[in-house]
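Should a chain be cited, it is by its letter among A, B and C, assigned in written order, with residues numbered from 1 in that chain.
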Amino acid sequence: MSPARTERAVVWSLRGAALAAAAIVGLIVALLLVESIPAIRNLALRLVTDSGWYPAPAATDGSFRITPMVVGTLLITAGAVVIAAPLGLASALFCRFFAPPGVAAIYRRLVELLAGIPGVIYGFWGLVVLVPLISALRPPGASVLTAIVVLALMILPTVALLSESALRDVPQRHLQAAAALGLSRWGTIAGVALPAARSGIVTAVILATGRAIGETLAVVMVVGNIVQIPSSLLQPARALTGNIALEMGYASGDHRSALFFSGLILLVLVMLLTALAAWLRGDEHDHA
Amino acid sequence: MTTREATAPRGASAAPPRRRGDRLAAILVWAVATLVAGVLLWIVLDLLRHGLVHLGHAFLLEAPRDAGRAGGIAPVLATTGLILAVTLAVAVPLGLASAILLSEFIRRGSAFAQFVRRSLEVLAGVPSIVFGLFGNALFVHYFGMGYSVAAGGLTLACMVLPLFVRASEEALRAVPDDYRRAAAGLGLTRFAAVRSVLLPVALPGILVALVLSVGRALAEAAALLFTSGYVMRMPESLADSGRTLAIHVYELAMNVPGGEGNAYATAIVLLGLLLLINLGTALIGRHVLVRTGE
Amino acid sequence: METEPPLERAEAFRPWHTPSPREDCCPARRPILRALDVTVSYGGTTALRNVSLGINRGCITAIVGPSGCGKSTFLMSLNRMTDLVGSASVIGDIRLDEQPVLGDAVDLLALRRRVGLIAQRPNPFPLSIRRNMTFPLREHGVRDRARQTEIMEECLHRVGLWTEVRDRLDRPALGLSGGQQQRLCLARALALEPEVLLLDEPCSALDPMASAIIEGLIEELRGRYTIVIVTHNLAQARRIADDMALFWATDGVGTLVEAGTAEQLFTRPCEALTRAYVSGMRG
């Protein structure tokens, strides 16, 4: 074959590979949809109107209210983000503006290390360390609050690292201009750096939220997994993700389909967040 | 950190109220940093304190006994290795091909490039439990693989693909255009330039991509629960079910009363592996840099 | 002013140099490359307008002119390196041996093998010296290892690099000095047996000594190859060029002011601009 012909063949195979890679996400959506059809057809509104979650292979034999799990997921996610966003941002500010250079470098490594710790290890630590602590406060210890703390720790590095890179992208001249005006350090941060990095920081928080929604086993290990809408943060609850993890092993029929449907809900939530983040980022590029 | 000079006015010019604000901010930020560092230390020290006693070469080489409460993790290590191998065997060629296409053969703004990039971006955000559902439906059921190392590896391959593509595309883009021009000037095909110049130059970056992917795969558990399963036997082929280190930690902690000791030890092995791989490729990366004289 | 490079030193690197009178090299002055009304623009901005210029076979053609007048652009259009700049478009007609250079049907790989380009900044691949020489050969169909080695050795000899590198062929090419790197690039191009060599300020990134060596090499290639060299060094142009072309930019658009033999342009230019340019730089 001539070099040009070979080259054309190569490009077509590369295109094929890229197409396959790109098709995976479509395949996931399609499969989840297909597997959810029985639940959508046989359960539909019963997913919110049923009296509780007592799943059975046939829709008629059980009750399928997933509302408590949705509430659990939202509660845990919201709590984790409320804690992780300010702490992560403070971490980023520490690295960028407060720490001496050497300390900042070490601290960044440390945050990267935190980012690399598997969720299961966070969950395990929560189980053996936090649950007994919180249980001393009020049994059983495995609770929404425990899950929030563990999850906040897990997503904090995401917020910190992404915010820091957003802060690093703030042009030096803005900061110098602020310094030239005699602004204090905090004045410069609040008045110049944070506004300039705003969309990057918001994106960081959104992506971290996505991670929190999707986290499974770390939450399963510390949240107690009782299907109920908790009346306080110290009560156990169950998350959508955890529900799938706990029941997929034996689920069949409409039960299995309901689990796929909850996966679909998760996927849609996360896709919305991703789209939001992409949109915000695109927005920023237009301004640049 | 060059900004500090620019943003921290020194001397008496700062008025007292502003200085109070500064001091408060500094105290808060330092407190947070200390807290974060403290928690990390807490986690690591706690693992070491309870886990080290169980750790030894016997732990790595023995089969588990008594549902994992006693004995070691040999089959778990083997399964982890096998699943990683399957993952990389699929993700690396597919991902590298995509990265090469995106960085070398099509324009950044072209519709196809946008489509691939957007799809991978969305894929990167898919929760791992959803990958588990997907893998369970597609590989375990439709393809009839059952709970198996192969099904788990394929599922993880899909999961790490976006990460791998993105990092290796960046590595390729970081190669100076000079080399592309030089190759074109010699009448070489683009693919010849990719194969003989760009890939070798980008190798350290691609290795980093590989490490990130391995790290992500090692840390994963939820996507494997219903694809590779949680059987504790030594896998004899890719069609056998088996559990990885992460799942072993989960199972021991959650479902085996009295399994904490070995869960601790397994967690240390898992963390240690992650650190080791990182260290190893950092060294390889440096070696490659020296070899090409850059 | 710039000191004259010590030419004598360069002689040492030319073992089988036989001085030949210029007339013998390009006796008929028949163009091998012809540009006809070539206009190049970058994303709608014209960089070069209506250039018509013949490049004579076997001759050394020097292209001179101030920075930004489109010399590199012209050179790149001759072997379609402009294709690598997404925004560039070339119109007009360029012929290599009467065959069209522009157009979709052209085999770019073959074209660039016939018309090689040496960049301003030496650009060896970050591979070993040996790989730099052999891998383009292999891509162009020379599969036999022994043959590759033979060609490598011969070409490294011709650029006077053999004795300097023969003990470290497997070391990184980027470990060589700038001048050695540029000679390696020249050898790498020569290995492909091009007909035309385009050199874009090949000495400007080098120290005077290294630049003298390159200049000597170029002279030595006269006759066997057609050479187009962009240079800012008028003394150099005068020393080595058979033909010369002066480019100039007016309002940011480059044009060809005057072309002819180097002798003509230096001693009896037709254009006032040429006279000003060659005399202004001479003193």
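Operating definition for what follows: a residue touches a chain if its C-beta (ideal position, glycine included) is under 8 Å from a C-beta of that chain, and two chains touch if they have at least 3 such contacts.
Please read all numbers here as calculations on a predicted model, not as lab measurements.
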Category of the chain touch graph - line, ring, star, complete, other: complete
Of A-C and A-B, pair with higher C-beta contact tally: A-B
Chain at maximum distance from chain B, centres defined as averaged CA atoms: C
Centre-most chain [mean C-alpha coordinates]: B
Chain B and chain C: spacing of chain centres that average the CA atoms, whole Å: 48
Where chain A and chain B are represented by their mean Cα positions, the distance between them in whole Å: 17
Centroid spacing, where centroids are CA-atom means, of chain A and chain C in whole angstrom: 57
Sequence positions of chain B contacting 2 or more other chains: 189, 192
Shared interface positions of chain A, touching two or more other chains: 3-4
Multi-partner residues of chain C (at least 2 other chains): 109, 139
Touch list for chain C against partner chain B, complex: 79, 81, 84, 86, 108-113, 116-119, 121, 123-127, 131, 135-136, 139-140, 171-175, 185, 188-189, 192
Chain A-facing residues of chain C, complex: 107, 109, 139
Interfacial residue positions of chain A with respect to chain C in the complex: 3-4
Parts of chain B lying in touch with chain A, wherever the complex brings them together: 1-4, 6-9, 13-14, 18-19, 21-22, 24-26, 28-30, 32-33, 35-37, 39-40, 42-43, 46-47, 50, 93-95, 97-98, 100-102, 105, 112, 115-116, 118-134, 136-138, 158, 161, 165, 189-192, 215, 218-222, 225-226, 246-247, 249-250, 253-254, 260, 263-264, 267, 270-271, 274, 278
Residues of chain B touching chain C in the complex: 107, 178-189, 192, 196-197, 200-201, 291-294
